[in-house]
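Everything below concerns the one structure shown next.
To keep things simple, chains are lettered A, B and C as they appear, and every chain counts its residues starting from 1.
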Amino acid sequence: MKLESKVPSGPLEQKWSKYKNDLKPVNPANKRKFKILVVGTGLAGGAAAASLAELGYRVEAFTYHDSPRRAHSIAAQGGINAAKNYPNDGDSVWRLFHDTIKGGDFRSREGNVYRLAEVSNNIIDQATAAGVPFAREYGGVLSNRSFGGALVSRTFYARGQTGQQLLLGVYSSLSRQIGIGAVIMHNRKEMMDVVTVEGRAVGIVVRDLQTGKIESHYGDAVILATGGYGNTYFLSTNAQHCNVTAAYRAYKKGAAFANPCFTQIHPTCIPASGEHQSKLTLMSESLRNDGRIWVPKAVGDKRKPVQIPEDERDYYLERMYPSFGNLSPRDISSRAAKRACDEGRGVNATGQAVYLDFSDAINRLGQNVIEDRYGNLFEMYERITGVDPYHNPMMIYPAVHYTMGGLWVDYNLMSNIEGLFVLGEANFSDHGANRLGASALMQGLADGYFVIPYTINSYFGKGKPAEVNTNHEEFVKTENDAKEKISKLMSINGKQTPMQLHRKLGKIMWEHVGMARNKAGLEKSIGMIQELRNEFWSDLKLVGNDSYMNPVIEKASRVADFMEFAELIATDALERDESCGAHFREEHQTAEGEAERNDADYSYVAAWEFKGVGEKPEMHKEDLNYEFVQLGVRSYK
Amino acid sequence: MKLQLNIWRQENKDSKGAIKNYKLNEVDEDMSFLEMMDILNEDLIHKGEEPVVFEHDCREGICGTCGMVVDGRPHGKEHGTTVCQLHMRKFNDGDKITIEPFRAKGFPIIRDLAVDRSAYDRIMQAGGFISQNIGSAQDANALPISKNVADLAMDAASCIGCGACAAACPNGSAMLFVSAKASQLNLLPQGQPEKAARARAMVRQMESEGFGGCSNYYECEASCPKNVSVNFIAKLNRDYLCATFKEGT
Amino acid sequence: MFKYLNHLVVSKFVMAVTGIIILLFVTGHAIGNLQIFIGKEALNAYAAFLQGLGEILWIIRIVLIIALLLHIITSIYLKLYNNGARPDKYVVTSYVKAKLNSRTMIWTGIMIAAFLGYHILHFTVGSIQPENYNQEEIYTKNAYSVGMGMNAHIANPEEHRGSVLNKVVYERHDVYKMVILGFRNPYVSGLYILGMILLGFHLSHALQSFFQTLGMAGPRFSPFIRTFSNWYGTITAIVFLIVPLAILLGFIGGNV
């Protein structure tokens, strides 16, 4: 397997312009002849489908939701970064780039990240023009706030619903294209597999979730924008239906999967309340602008938070990281919370929570200002926990949130399978080992709006690929595989539901492949996952049949892939014998418990090649060469 | 707590549905309503019965996928809350809860509690956008927008497209949805060039999808999980009225 | 002409505009009625004045009839259409903001229309209680010129035909007597009181609905207009029904 990053040579600032100048565009009259399949209609997929259709390509988009407006991009609360420097506080493309590289603990590609920072400004312009109601100042200009991992205010937001507003902006652009027939939209169709012929992606096989029918679609190019795999952990901030199937199936067809162990744990989530928990709800990181995080100084202090005097509270983030304080990056904040709880200073009945306290901010600014800034988040908190956060500190705990790893892509966002592009969270390219807050929206939209419309030419510029009929044996074979998978799942007739088995998998993952990992635990987890997988295939219970809407079958089909994919995460985590970003190996920490990175041996992207279920995949390295930034210790002290 | 659930079961669009009774004995008050439904479904699967089909996804009240009518109220009795954010502490031990699908001609039932809301997509496709190609935008700050207008547009934009408005409306009218989507764009300066056309196109599409008209019951506002105001319906009426006097736009 | 029915929002405009025309008429009617408390002279003079408008009266009547017909046709059409948009009913229903007045508009409307038919037959055409309707009042105008008092009683008007008195003695419809005699019947009064309660109930939703439909709404204005609308309906009903009540209880009309 050859992994060429294809980052253009030359100075960092000129790479993207040079690339655009050099590309060979498709003749506008010929664009009609190219058919592009876009799988997933979140920020990245929706934006790609809309912008490619505007350019004149024939686009067909697929989502398992009932509408392209439902993708989980919608749940992003806090905001979107851009290097506009409207507040005049010294921001620049370089600074955004550098913060992102540093935030990713120097495990991402310079060229990709710089391009991301460069197009970030266009995103704000585009979204505003599309009618996204970003927050504004009284003078009518856009408002900014600060976010974790940055010392400038570069985050644009729309109340606590930025992801929703940006996704609806994309959705409205996409709707326009659907309305004029430029995009054919397939709702409620879940991708089951990608079809490759001679190493080239030629289409996909999907399952109609309303009829259970398996169908094939040909495309000159296939774009996967299918999100992350956080739900491998069962409990995460992801939506219930988020899954790894599309990406994992591509991996099984030969696409390399990069850095799967980079899974971000978000520090500010509402703690789990019991066994019944089906998901964890994130409270936006923006809350840390005004909230102060603390635990009692004494172990086992069970007093109510208001009864604990100021000098018996440990504002541990402010104490340990004075310059970033409560706005320290996610991985650092999460681990600090875990440490405090492991020491026995955690709060809540479970001891698995820390306080996020707004009383200082309310005293300083008044409740109405806080209400204005975070009203909907406070409401949400109260609804879920039954506790009023204006008068009691919130309780938070880290939860699986975002996955930096994903299918390997080059500078063109094309995987190692020709014609298979991967966008947004589904690829691995921009966030390294840790993603900064408000950067996911930025990346998804950058990929969809401003990168893929150009980089698709790298593939189409060579001429129209030979069309493959959906009667082709590869299509037929892939369809049969998909049908077989479903009928196999239905024939087991065991005792456990897909949710039960998924929950078991999540426990293994959280315990051994979670916030802190070690060799013994990881090795153990691989065995456990394999065992559980056998249990899955011998004891699964489904009911009904597959000729109508049957969510249990959908769930089982997704869990089946998690059962295999989990092993890949653990394998990668075991292989990466260093601590970096979200990947924390207990063997590699300083005396103070900070991550110890090993640039000499691990400054590479681990891209895994599938070798068979239960077989150890083969790792390919893409070395990360830093020409423009100095690799430093990532300090937020 | 113990609950008795009366749930509407229906195999498909054309079949006749009916209420079926279920009992749950161990419901925790910290559960969300949908987690309670999960438990019921797990029970049913274990018994070899078909689980209740209901739609859901983000479970944090923003995606708009979930929606069922709980004791006659879309998303349940709690104000400004999606059913996924409704928690069992709002119910009492021994309660009988009736759960039905959203009902409106524009929302045909797919199975049990799942309905087809693609009509909302088609309304958006008719005019819920600003016709501006990607890449042609001016600098975002080149067009100042007063905070009040931006905030009002945001109020409209917070609609999650769940369909509760049409389900709550005795007329099965989607006016609250249509007006929220149209008003967001019609309020902003970016949306002015297509204001009249948008109002007309979206209302026309709503009519052709089989939704009823607005009789000013305001039941939609009462059921909206995002508290979208019926004032937007008035605004859409106004925009529509103005549009009828404008030719060729 | 009825093409507008294909457009829901236009139909609503028609409802609002025709409704407000009727509402304004009803308001005028209610205020006019109050003259019964001033006395026979005032009421009968007012009635005679309206009768004397001639073509103008017919224009008003035609406008009202058209408004009424459009209001009724549109509402029935909308009701049927809207019922069709929610073909399946909920097993459990529960309303929060849809108050009884808004949910019963069509029924109160139909009952008011039926009442209106009765009312026109009763007081305009006179076919319900013809004995009360066919009351003539002889009254004098400029009676001082012939040395008579203002409300001089003329025992036998026929005798004065052709005489000088013919120029000061006139006949007019005795609306006062008709109303008093009519409302002394408790069944008739009861019917009118019921009708007026329905009307007030109808108006309490109608007025604010007019503003909402024509796009006049806002965070401060809407709550105000909804309260105002409730009061408007209530007061209109009260103003109407104090007439039959006062007659029934004998506060006025004792001398008839």
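General remarks:
The working rule: contacts are C-beta pairs under 8 Å (C-beta built on N, C-alpha and C of every residue); 3 or more make two chains touch, one makes a residue touch a chain.
Quantities reported herein were computed from a predicted structural model and do not represent experimental measurements.
Chain B has its Cα centroid nearest to the centroid of all protein Cα atoms in the structure. Relative to the C-alpha centre of chain C, the farthest chain centre belongs to A. For the pair chain A and chain B, the distance between C-alpha centroids works out to 27 Å. With centres set at the average Cα position, the gap from chain A to chain C is 68 Å.
Measuring from the averaged C-alpha position of chain B to that of chain C gives a distance of 42 Å. Taken together, the chain B residues at the contact with chain A in this complex read 11-12, 28, 30-32, 34-35, 38-39, 41-42, 44-46, 48-51, 53, 55-65, 78, 80-81, 85, 87, 89, 110-111, 114, 116-118, 120-121, 124-126, 128-141, 143-147, 150-151, 153-154, 157-158, 160-161, 184-185, 188, 190-191. Considering their complex, residues 6, 8, 19, 69, 71-73, 77, 98, 100, 103-106, 169-173, 203-204, 206-207, 210-219, 221-223, 229-231, 233-241, 244 of chain B touch chain C. Residues 47, 50-51, 54, 65-72, 74-75, 84, 86, 122, 124-142, 158-159, 161, 163-165, 168, 171-173, 175-176, 178-179, 185, 187, 210, 239-241, 273-274, 276-279, 281-282, 379-380, 383-384, 386, 449-450, 453, 495, 497, 499-500, 541-544, 548-552 of chain A are the ones touching chain B in the complex.
In the complex of the two chains, the chain C residues touching chain B come out as 6-13, 78, 81-98, 102-103, 105, 205, 208-209, 211-219, 222.
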